[in-house]
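Next, two complexes with chain A in common: one pairs it with chain B, the other with chain C.
Presenting the complex of A and B:
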């Protein structure tokens, strides 16, 4: 019996290791490429008639020569630093605006009973169903053609912030609902105004939820590709995602720069994601699970 | 303070507010209408001069052309500058520094491009027998300074372009609107007076006073608007006279110079005064007499563009009036005052949502009923309306394949093919995600397994990486020549695959990539659900003699369902809309065969510039998703009762 159990676990371990290798391989491949100091998509130059082991060496995600030149060059010689800076500014502005809009709206939905409240919440929910491409064309015509906000930070920021609103409002409202109303009542009796209560009591109490909202807004802007590629036409205004595509899209194949850039862009979001994934998962499924 | 009685009556306020808004909007609209007419008139004059010029040099040699160009500029002082381009040659220019004739310079390539564009437009118009493309391009970058480009014909054949900069700031060419602000104010106070005497009941039913108020509104609003419409027609007629006078003056100068004879026949058409397709407008005759000096059908035609907007304004005004006299406005105001805090807090987000989500959504739907492309988007909206034609073209096209000698050729551009691929794509991805996620979750849920936490973190990694990066990485790994996946195939003695050249192999690249990045979500969700199943249920089942399959079938799966179904619903919508993977990995290759609906809509809009067609396409996608949503809620409600 005991032997059977270890045997079964060996099989399980084999399956899990297989999948883990599959899950990790592309990650290691990008890492290897970024430290290879070369631009080609293959890690090793193969001879004309390679043997089994030479081919095996070629798929091992280990660079032929270790070098950090891709990192230094993507930073100094390419416009990547500029693109990353654009992304940072746009994402931070989106976070500030998104959190402000979501906090105020979620507070009203949570604390006040007013005509139009249910309709408003439903509208936020329905707006999540609008497909991106249906929004893309009118947004392009309105923001770029009519308002001439193409190639500007503000055009992308307002769109990103409003896209993130519904999810953030629903999540923050859920959290605000858990804060007991007694605290506010006693503050009102003490003569505090609504603004003071919101600013001094609710916001500090809701810090964890606001942190998640902020992270979500930030990631919305940081990882967005389509709108940015449509709105930002001049190379100087690319965001990091559009820039990374620029390295390997179309006819250019600067895979080394792409890999180094990808590592720089992904590192902060991967770390944040692994730290905070359980909140995001609960937020994603909260609406649908009864 | 005691308010006079009439101030408390809803009819007074209702008429006051609704008329104020209606009259103000109408006045603004008519001002805009007059501006529009003035703009049209300016462009007509500029086009007229350009046409005359082009006709005057249409059958001469290079030297004579240069001479005529200089002469014409002398007697036509409105012309600021003009150039004639033939092929790659600058034939004539009024600017001495240009030193024409010479070859075009590198930075003058736009002129050559424009020439080709006009040539194509002209040839398409002639070839198809239907005039659809503009052959005259008018730009007004600064008010009054108009640039006109039109074909330069040599003995009836297209030779190049004539480009003229025209100055229209001479006072004689501008029509004026003698405006009296007194009329709307008189109407407004008259209606207020009526409103003060009406005593509608506060009840929510129709009574004579309310009817009177509505009648008073309609009477005042329509009277003012009719008066303005007449005025607008007068403006147009005056403008037409100005154009006619200008024509006659110019034509006499051309006649005197001997370049173009002036036909003194009121019955023959005027070839100078054309629209942007070079069709005579027939608003003035060849002898310069205005064919429509009195109020008539043409003036009404030319000013009717304003009418649909007028109707909209009237409906808005009536709506406001009804809201007020039936007491809704009062109650709304009371509610607003009572909950002012809530509305202040909600306003920023709501305004943002309306401007950037709901308005664009409505705009997108409206766009779907037009034929807007990059090239006609400046036309007024109602001229672009084409009804359901886009939807007919998308949904009514069943040209799925063609039979040829070599077998069946599929039509990859067809909507139903793309829909088929999209459904196949969604189903296969969700199936892979759920299967792999379920297997891994079951494995990780095994009791006493070592290293669970490490496996979990490592297996979740694909979810954490931004998906556009994942897509581009897999694109690199599928590289037909140097990609690692072909290396693995060759390692085992197989032939390398040109991944993006075949329909099936290209589809596999997308599924592999999306499978890789989507299984962690399913795994985490299922693992969470598995962990919440109490252990004693399994123990009880074991005691009862249930085998492993029975335990899976009757305990695990039913208890997973409440978590699994929302997760599958979510992942169906995500995969259906998964733009990045298709767009960045295979790009829909080969020949658009692997395009899914959303990437197809994107390409229609931003590679073919068919904005309206793409909007209609997106609307269809939205309807499909909506139908899926409704169907899904029905199903989950039905299963709930079991």
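Presenting the complex of A and C:
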């Protein structure tokens, strides 16, 4: 009995390890490339007639020589810093705008009964069913042709915020619904206005859900490539993902810079996730929160 | 300090009438209890006083001011909710101080008032705690603290004890009563528990859901002191609702001369109180009410005027100091009371019990009103 149990455990772990390795392999490869100091996509040059050991060595994600030159050069010799800065500004503005609008909208959807309430929530849901690229042409016409906000921060921020808001509203409304209305009535009798209740009671109570929506808004803007590449024409206005693509475009294949850039771009996201972890867990179990 | 005056108060949600024709008053400094079965509209009335529900009809005054259109924050009331509705992200101090901060009292004043309220309620050691870290009874006290710290002219309570266990409920019942007597603040207290109503209220208003479309129909069945309601219930609803075990209500017939009542096979004289009314109703059917404590075993009671009924024991509930006896006479189950510690009858035994004649209540079978 005990033996079978151990065997099953070993088997289970073996399978899990396999999948983990599979999932992490590309990540390790990018890490290795970024620290390799070279620009080719492979890490090792194979001789003409490689032995088994040499082949195996070639697929291990370990650079031939360790070097941070890719990082320093991406930072100093390329415009990557500028692009990263663009991304930071755009993502933060998206987060602030998205979270603010989502909070106020979700509060109204959760607490007030008004004509178009159900339709409104449904429209938000429907908008989530279409892939972003489908919206590319209409968005281009609205933002670039009509509003003439092409090649500006504001243009992209508006687009990103609109993309992120439907999910955020649903998320926040669900959370606001779990906050007992008694608490608000009690505050009304205590003399608080709607605005005071919103700022001093509802928002502090909804911190976990707000953390999630903030993270989601930020990531929407931070990772987005297609819209940014269409809207941002001048090189100085590229966001980090668009800039990364620049390294391995038609005329260049600077995979080392690409890898180093990718690592830099993913760092803030990793840090954010770690910081917001406790909120993420409680936010995702929203509803059981009392 | 303020009295509360209801004049033809009504509330409907769309087509549904919930409150109708409510007219009475709560005196200054009085502890008034609204009691009635679940769904009869007690909370709705309370929330109308608080200003959390709009008023569909009639007029509501607090003090000498009509408040129909006054915002809750300007009504000078404080309310304790069934769920306590504490602010979960604030500690006890901030929970109690919130209303004062909103009203922009000076910081020193706030600190003093919170301290005084906390001491009064035995919360002074808990001021830094969040509601999550408090027991049910402590949360209840914080909710009380939040109400008394503002020194309002009216307290409103909506079933504040129903989330507590039985022992704590008895304790808090006494504490709230004591607090109210001490502060002398006009109080409206909602409960479905008639024991709470009897023990806490100066006066009790018994309510029930409105039944018909009769324009004179109202939720208020009777309003009076606990002993009024107990000794002289205005109608069958109140008679049945107040008192445990419930009053026995039996169909009976007045004799042709209106001086005695046929009940089962026997006759009993009409008590002095109903002599006039019985004369007017002579020869007609009436409903006779008699409380279980007025039905006893012959060797245990010493009542001057009694009538004997015989029945079969259906159920016995021994409580130690007494036993509640359910026995069947004809097609009716009667509930009586035995004092004896000695031999109790067994289920199925035939018992002979005495009814105390001068303790009867008579009601009109159609209107269900007390005969007078």
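For the reader, a short list of remarks on this structure follows.
Methods note: the second predicted complex is superposed on the first by the 263 of 290 C-alpha atoms of A that agree within 3 Å, B and C clash if a C-alpha of one lies under 4 Å from a C-alpha of the other, contacts with A are read in each partner's own complex, and residues count from 1 in each chain.
Note that in this section contacts are C-beta pairs under 8 Å (C-beta built on N, C-alpha and C of every residue); 3 or more make two chains touch, one makes a residue touch a chain.
The shown structure was predicted, so the numbers you read here are calculated from the model rather than taken from an experiment.
Superposition note: with chain A as the common reference, chain B and chain C can be accommodated side by side.
By the touch criterion stated above, A:182 is placed in contact with chain C alone, chain B being left untouched. By the touch criterion defined above, A:196 reaches chain C but does not reach chain B.
In the superposition on chain A, A:58 makes contact with chain B only, while chain C stays out of contact range. Across the overlaid complexes, the C-alpha centre of chain A sees chain B and chain C at an angle of 100°, to the nearest 10.
Of the two partner chains, chain B is the only one touched by A:138; chain C is not. Between chain B and chain C, B touches the greater number of residues of chain A. Once chain A of one complex is fitted onto chain A of the other, the partner contacts of A:204 are limited to chain C, with no touch recorded for chain B. In the superposition on chain A, A:28 contacts neither chain B nor chain C.
Contacts of A:66 after superposition on the shared chain: neither chain B nor chain C is touched. In the superposition on chain A, A:244 makes contact with chain B only, while chain C stays out of contact range. In this overlay, which is a superposition and not a single complex, chain B and chain C have their closest Cα atoms 13 Å apart. According to the touch criterion, chain A has no shared surface contacted by chain B in one complex and chain C in the other. Of all residues in chain C, those touching chain A in their complex are 50-52, 72-73, 77-79, 81-83, 85-89, 98-99, 102-103, 146, 150. Chain contact summary for the complex, chain A toward chain B: residues 5, 9, 12-13, 15-16, 19-20, 22-24, 26-27, 29-30, 33, 40-42, 50, 52, 55-56, 58-59, 100-102, 104-105, 107-109, 112, 114-115, 117, 120, 123-124, 127, 129-142, 145, 158-159, 161-163, 165-166, 169, 194, 198, 222-223, 225-226, 230, 241, 244-245, 248-249, 255, 258, 262, 265-266, 269-270, 273-274, 277, 281, 284-285, 288-290.
Listing the residues of chain B that touch chain A in their complex gives 335, 339, 341-343, 345-346, 348-350, 352-353, 355-361, 363-365, 367, 377, 436, 439-440, 443-444, 446, 448-451, 455, 457-470, 472-477, 479, 482-484, 487-488, 490-491, 516, 520, 524-525, 528, 562-563, 566-567, 569-570, 577, 579-580, 583-584, 598, 601-602, 605-606, 611, 614-615, 617-619, 621-622, 625-626, 629. Looking at the complex, you find that chain A touches chain C at residues 180, 182-183, 185-192, 196, 201, 204-205.
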